[in-house]
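There's a structure below that I have some questions on.
By written order: A, B, C and D. Residues from 1 in each chain.
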């Protein structure tokens, strides 16, 4: 896995917060997913690699059974990395013949696809989690060397609006491609006319908010956000350090033209209010994005920090996730799947906010109009930024 | 104030949790509202009753200034009750000539109306808060004696559905009557066909959920709710005690026909899932209620615990608030008011869920289709219950 | 009870911290002590006043049974003050014939003496607790008016040492008078020569420590104390407010000649280190005090804030308690009493430090050489001050 | 370092609690000690290995400067193990010529001796800390294989008393050997006649206490201990798991004849009370041990779990530390050293209890009569057991 190229063995167990799982755990858990949902139920005679792994690497599936406490994933020095890699090989070896068998249960292929998409999600979490954990080290270690071009500061295009007429729109996954259950069913909504910014807010624009006392003015904040700002002494995005910021390339000068990232939903909302705008709803975002060529660039391009926007088409994907004003909930008519796998999305449908788009560390396969990412509005360790919206007319 | 008739002087300072303000504080804060938003800005020459009260009895208006910490309201043995009553008299006396003056600034009448509605909200909070605080006393003191009829157990009508066609509906406050800013603007939404239960879920029905292991089955719960159930060892609604429950009439036998109350949003959601139904969205609720005669019965009827439903028209008001599936947020086009008074509703538009309807302790003046009540899904100390909904066709 | 003269009814339930019990609770608990340890076991036919009081007003006697949680004593608005006073009268009435009966069990008189001493301790706690709770009110209410003389700032005598030869000394209670079990048995210790200051440290002297950066210099502090200073942001004694201090007479100018009070054991220890001295052991204190005329002045003199020392005899009693360097533990040969009453002192013999002397709010009957007061070194709400000691020769 | 032979690279960063530092940190910190207190101040021209290590590996020396937070030592995946080993080599190389130089400052040899003793202490902490951290892994990994003989259950000699006359005794370090400052000065104390058990309490004896409801009977406990038992749901020593226990040899059957270990001071005290005895004071322990041949067997014997006592001489050393009844404090006349090195012991002299003796994992060089170990009475992760004492005559 190329993503791990910059890791020392010592980094694989690192967990600086309950939410930031260690790399080794991601490797084991994604393997566990295939073992638990394909090999155990659908491959008679499969020999379990280690009986304790069912609990150790279960993330949150109560239907499967107990889980090792999330906050203690970093305490699992054993199994060692070599043992986890052997676990992956064991499971891969057991999967291959199943996938090559033309007579196999079609459920296997479907679950395998889900397992691959699941692993893609964890590939992104690998980046966000190790970034958080490395940031806890005063030595500010880099995961990778920045490509030469990354060093150059650039100028972002001036902010501009795209306008949309609204009306009765359809959103949600459409067509034959893969989608998670939370993107379904496709459904109708009514939208009033609205506008969306052509690109995310930049570091330079956000700096102006900071300089204008943004973090000291309660009238700009939702009450829960203001309480958090006070309690946690927030005064800038998560990884800002003076004029520099911590990145996966180490600590370095902040590019004012690049999109601001690692802001919470509360900060995104406060910024929007300060700017005389608002956050888009997820329906607005999706209806707007559907009208535009996606041009997605995923993590496969090898970029671990977002570039500034470039003149030309609107930038919806590939830089940062964008907080929406929408609380994460079920679409009308949503039904969670049966059994433990039905816990994948449905049980998280409260208290979180939807983010749309996709970041530089997101696999390209997950950049689509209907993809719903979701985090608590207090969360800042994702590559989360801000797209402005406004009423129109 | 009749609501206080059952209080001892010692009860006026009681605060068993940060959210459960003492009766004396409610008396002072509602007075503060008139002083702060009418007398100070709009009545030249008004003599402030006590300079420290601006901070002591400010609830959350950052635009006014600092606030005495919410969790310490019960520590204000001074001012005494007599002093707070004198404060009320002082403010009333200063208001009367303003209201009688035909040449007065029309803003005064508008703000006065807001102050009266604000006081009505606190009248209900008085009941919910003192109930919570009295419940913390092992002696289980009663605020009032139950009317004779209250003692009789009854039989609830069988559950039934009302069906609605949906389509493009308009909700939000309409017409000339008073409404809070969060009920505005009136706006369009698209609804698929849906059903609403004719009455709230009863204690007996909820008991079946408990008996069926409702509190031990994670698959019924949202993840955040399940975490709370485990951490707080919830196993029944807030005031259930064996076969009895704590009420404002003291601890007494639980009426299985009466609506279940004091459930959190998580419990309401889990119950609905167990029952093969769901919670209504607030738009569904409002569109449904608008089609029916309200027949509201407010706290003025003198009932401090909900009656069972009776055969006949659907029971939307007067028993309990009903959790909806809708996260509390701004309506399309919502604008908060300017200045400190704009903090009334807007800044709370995240992380809370909307409740609709109205409880036996709600003033009749606040029972209307468009009224939006809102609490965190973990909250249980309100008179909050459950109305089921379902897709239709 | 004169101590309560300055209280409003609203003050009787006030509890600003778990350790600061409400006045009404003190009234009920001291009554409970007589009921529980005399009337119930030794007075056949005694009619219990209220069955729930056994739990409600039990402080910490596991041998008696469960206890209402300490932190929730302020939530007992019922029983009302009138009911508690009726409880006191009920118990007093039941006790009187027992005490007048020449044929009564001699255990009754012994326990009654213990009950009186117990009530004296709570009389002092009444003052320290209500002081803490009133201090939480921004209005800074006074419990009493200061006597005229209190207002005059004075000059303290210069600091001086008393010297003692040490050797094999006997300490612990001696003679026929009353003593608590923790003052026994009288026992031998070996002391090296030592010195004791003639009077407690003054506000002015402590101010010099503050001005010299005392709260910013870790080398002056025990590690646990320094951790607390950082965590709680301590920078002065508990009730210092600028140049003023909160007293039972309200907030007023601080007298630099008066003894510093409301310092924790950590602050006392750090001050002593800064001053090139140390705290005395309790054996040194007692051996020293035994050699001097006590001249105790208790709370009966009506002083609720300590006077400066006056020239003449050493000031050991009547101003403030004095932290010693001794961890509170059992004397050699100590045996706790049998049954619940044995919990009075013995089970607290760890993690606390001994204080000696007595404060202006201490009843005169508890001012004696052998009396052992004890609190956690972090505690500051007692009238606790500092007496310096040093090695000699 | 043989102690590390059983470690995987992944184990070196493991920290399951703030108090349980990772192996890699111990390696770096003990090196830091030599660099900070010898090379930096006393070796002109010494080139610092890495400027950030001064903060990263400072444990608690405020006189040196800031410290990386203790609870985050496990988050330092960098420096890697190889880099830490290079650090050790760098410092060793710089020290060697100093030690070989006959003209060197004699302070160097003294501090070097202190550095060696410091490293010995951390060698023991390495064992206790890694035991705690491995115990957090459900796989119960072993650090080492048990020697063959360890597996055999044995029979402990019957309990018996040693009697001592007491009187005026001298304790504290005596003679020319190395001692820590807290063992000084040698001083006089008065002791009444006392008895000490010939060996520590066994698992079998402690099991009888558990079986007799020891953890359910508040009358056996100090109040702070009882509070902890309730809050933490203690019901057995730290590593007991059913009839087995977790050891550095993995989880295995518990030997009822072996000394009970991993009990807190509270448990030791409660056990003693249950047994009709008490804990010894540290002066009793030292006076008693001084009269007996030590026969110390340190960790050099290669035993990572205590053997049962054998018939013959009293067992004071080599099995487990023994809680005393003495709060850790300064001896009469104690003076802490000047500068940062004076923080070594003095600032911890409160709230902790003294333990005496030494465990199977203690280096032999630290087994002496006067050695004072100290921990909070709540601590259980050391190899801490129980020796009973009693009054005599």
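Assume a contact is a pair of C-beta atoms (placed from the backbone, for glycine too) under 8 Å apart; a residue touches a chain by one contact, two chains touch by 3 or more.
In UniProt terms the chains read A, B, C, D = Ergothioneine biosynthesis protein EgtB.
Here the structure is a predicted model, which is why all the values come from computation and not from measurement.
Chains that touch both chain C and chain D: there are none.
With chains reduced to the mean position of their C-alpha atoms, the one farthest from chain D is B.
Chain A and chain C, compared by their mean Cα positions, are separated by 58 Å.
Here the spacing of chain A and chain D, counted between their Cα centres, is 46 Å.
Centre to centre, using the average C-alpha position, chain A and chain B are separated by 37 Å.
Per the touch definition, chain A reaches chain B in the complex via residues 60, 62-63, 168, 187-190, 192, 218-219, 221-226, 265-266, 269, 325, 327, 329-330, 332-333, 342-343, 347-351, 377, 391.
The residues of chain B lying in touch with chain C in their complex are 8-14, 16, 52, 55-56, 68, 72, 74-81, 133-134, 136-139, 141.
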